[in-house]
Amino acid sequence: MVSILKRGLAIIILLVIGYWLAQGLSGVPFGQDKMLVGQYYLNHVKQQTGAVNAVTAVVVNYRGFDTLGEVTVLFIASTGVGALLWGKNRKRTARTEGSVVLTTGTRLLVPFVILFGAYIFIHGHLTPGGGFPGGATIATAFLLLYMAFTMYEIPYKAFEKTEGIVGMGYVVVGLIGLAIGGYFLFDWIWQTWGWGHNNIGRLFSGGFIPVIYTIIGIKVGTELSGIIDNMLKEEVKE
Amino acid sequence: MNCIACISYILVGVMILSAILAVEWRDLLAATVGMAAVSLFASILFFMLQAPDVAMTEAAIGAALSGAVFIFAIKRTQRFESEEEERPGWWVRW
Amino acid sequence: MNGQYASLLIAIPLLSAFFVPLIKGLGKRAIKSYVLMITAIQTGIAAWVFKEVYSTGKPIIVIAGGWKPPVGINLYIGYFAALFILIVAVVSFLMAVFNFKAVTIEPIDKYAMLFLLLMLGATGMIATGDIFNLFVFMEITAITAYALTAYNKTGEAAEASLKYMILGGIGSSFFLIGVALIYGATGTLNMAQIAQLAGHINPTVAQVGLALIIFGLAVEAELFPLNAWAPDAYQAAPHPVTAMFSAFVVKAGLYAMARVLYLMSSVGTWHNVLKLLVVMATLTVVVAEFSALRQRNVKRMIAYSSISQVGLIALAFALGTQAGVDAGVFQMVNHAIIKVLLFLGVGYVAVQLGGADIENFRGLGRKMPATAFGITIGAMAAVGVPLFNIFWSKLRIILATLQVGYTWAAFLVLAASVVEAVYYFRLVHAIWFEGEGERVGESVPLVIIMIALAILVIAIGIYPNYAWSISQKAGADIFNVAQYIKNVPLMGVGA
Amino acid sequence: MISVYYFGSIALVLIGLYGVLVKKNVLKMLIGLSIMETGVNLLLISIGYIYGRSAPILSEGIGPNQAVDPIPQALVLTAIVIGVATTAMALSVAIILYQRYGTLNVEEIRRLRG
């Protein structure tokens, strides 16, 4: 009985919150043009950043500072998971080997999945996608390996170092911008050097967007596979 | 009402249904699958709202990887919510 | 030097945190020394920024990517931010010294990264001038705090961390809904432009959005219904991290709250939100003080006292007057100093004597006289004895409260102060007049830090004018929104 | 009349909040949080949508006045990644909890009191 009362109370509270939110939302009509800064981005994105995909330009270039923070958040998560599940002697404890279909399929697919991930993040400024889905795709390849083979382990020490180096790479790109253009995270490849100005819509354009997205892709891939690795290993008592 | 609107109504309905199931199912593995389904339907909705980037990211990260991480955590803890803590709610009984 | 170099405040901790995996083979001491070095560099940069801002009187606007706001993201380092970035850096430096004694649990390299990133997150939260960037830095701070709370890997630590995470998760979702509403109503995310447009938007949307954002930030700022995590996390976290939580993580949340609150001050329904906040803050003070009274664990007791004083700061900010905001900033500075002193002392006792229970504090005056002296000064100051620093800020907050006419709130806060005095004097009594004990060796650097902080407490207490004038400038920075809008070089998109 | 997308996202937020408030299993609460985050993301994207416009990829035939708002999409990309980071952290804490207490029921995990 008590539990039903509690649920009823919770539902009433939630309905009140929902009504309140709906009231707030009714002042923000759906499907109307409410853009202010957004329109500026759409009007100037091609000349100012060289990217065709406006979302990518906003993520990496106009609001690159957010993305730096976001990469940091993921780094914190991977570090934190590593710190919390830390152990001196940790091994995988899976016992069931994957089925024939899974193992054969994995052997066949892993290189292509990684290649596809790389394709997604390199073409981030032209097509939908970018560093985050690309990196997640790469992590999925390692996830497949983990599921198919009981003994498989990623070289996690190398991965950790890669994570660190690539993260430093991002900050260093930003600092080069500070040195060349006078602003942190300044797009020096596009705005100072002017590379790829007559190439808009093809691969070699977009200033430092492909560079940063490659960095993000590698970083996200290694971090997510590091998280998977940490979650799957348990402390073994000899 | 044209057909695109019908699709969005159906998708939102199914999404809400799977969200309710994900919260109510006592088998945590099934609940995780329900959560991943919510993410997947949300990703289709993102696509219909003209956000392909977000749709891809949600499908890859929200549905696949976060579901996988949940499943690993369930593997290292327990699969079912324990008996005494849960009685069927008054609107979903089975 | 160019003001844009202030972006090093963000870049240096990030770069050095990413560098840690490469040196993790060098051993624990090397990593701790590395953290000490980085925090020292950060302190240097922060001191330069502080000097620059206070000598020229102009805020430093860091423009990321060369995109003028509101197109790009800007950092706004005005009087307030310069002061608090310096406090963040100095506290981190002191706690990096304390790390040598207090943190022994593996893996140190991960601890070092999280430590640096906690500093980074708080710095970013204080400096940013973009509301979504605020969310990102809030999440950086929060996720680092979750990880550091659970770092000891005991059951209690995990429990505290989980509580924090659940509340924090709800809070951040609500914050994001609030941001979505405000974005939908104004079409921009830049704080200055939001302030510019705030008068024109639909008041219902503004009220709901503002309330959601305040609700989300209240988790970080430890206001009453949402602060269940705080005492647990303070108790379970490693000792240096506890001091950092109390000294600047909660301050960053409070500042963000005050900033967003005053940005929206031209909204018609603004005063309703203020009234709600006054009630929440007063309840925080009262509930926390009465909970502190029955604690046996000294660390937890001081945690409750910290929460109550944070409630006092929130009360000052919620008054909506210049005097209130100034007093709140003054209290923030004083509170940061004494809580570092107290948590450092208590943490050091817990390290040396194995636990922070009140039993360990009996006879502390004979066992560890210097630490006992530091704790005593901190306790006296926290109660608000005249000639210690908190006295002045508490006085000013209560006067400001009376000015606005919230007599009941002032009365409740005064009553809570009496309760506070009871448990602090119980602690001091236990330290000096109970129990026996042998002398235990005390570490020289920590004693120097404690004495220095104690001297600072007394110096501000005897001569408050200098600190008060700095706080007044910083308070004006928050309160005077028109000046804030003028300072940010908006490039005139849309409006 | 509220749009179906708004309705769906508010419903997801409320269902998730219900899970967090009422359920006692830690993993169930985290599932609730995750659903809530999805709801918030859907809300942001629907705020950015404009009738009859296409995705903000300005290749052939799509001019600046025919695309939807790119900012909410950029924000949601960030929010999704932050969400998965929080989830991973929370799950590792839940694993530690289970190792120390042998249960995931929050009513039984109550050593910190006061």
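The chains carry the letters A, B, C and D, assigned in the order they are written, with residues numbered from 1 in each.
Convention: a residue touches a chain if its C-beta (ideal position, glycine included) is under 8 Å from a C-beta of that chain, and two chains touch if they have at least 3 such contacts.
Quantities reported herein were computed from a predicted structural model and do not represent experimental measurements.
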Pair joined by more contacting C-beta pairs (A-C or C-D): A-C
Euclidean distance of C-alpha centroids - chain C vs chain D, Å: 27
Centroid spacing, where centroids are CA-atom means, of chain A and chain D in whole angstrom: 16
Inter-centroid spacing, chain B versus chain A (mean Cα positions, whole Å): 21
Residues within chain A bordering two or more other chains: 7, 21, 25-26, 28, 34-35, 37-39, 41, 53, 55, 63, 66, 69-70, 73, 76-77, 80, 84, 128, 130, 132, 227, 231
Touching two or more other chains - residues of chain B: 51-54, 57, 61, 65, 69, 72-73, 76
Residues within chain C bordering two or more other chains: 132, 136, 139, 143, 146-147, 150, 153, 177, 184, 189
Set of all touching chain pairs, with the criterion as stated earlier: A-B, A-C, A-D, B-D, C-D
Interfacial residue positions of chain D with respect to chain B in the complex: 4-5, 7-8, 11-12, 15-16, 18-19, 23-25, 27-28, 30-32, 34-35, 38, 41-42, 45-46, 48-49, 53-57, 67-68, 73, 76-77, 80-81, 83-84, 87-88, 91-92, 94-95, 98, 103-105, 107
Residue numbers on chain D that touch chain C, as the complex places them: 13, 16-17, 20, 26, 29, 33, 36-37, 39-40, 43-44, 47, 71-72, 75, 78-79, 82, 85-86, 89-90, 93-94, 96-97, 100-101, 109-112, 114
Residue numbers on chain A that touch chain B, as the complex places them: 3-4, 7-8, 53, 55-56, 120, 128-130, 132-133, 136-137, 139-140, 143, 224, 227-228, 231-232, 234
Chain D partner contacts - residues on chain C that touch it in the complex: 132, 136, 139, 143, 146-147, 150, 153-156, 158-162, 165-166, 168-170, 172-173, 176-177, 179-180, 183-184, 189, 231-232, 235-236, 291, 294-295, 300
Residue ranges of chain D in contact with chain A within the complex: 2-3, 5-6, 10-11, 13-14, 17-18, 21-22, 43, 46-51, 55-59, 64-65, 67, 69-71, 73-75, 77-78, 80-82, 84-86, 88-89, 91-93, 95-96
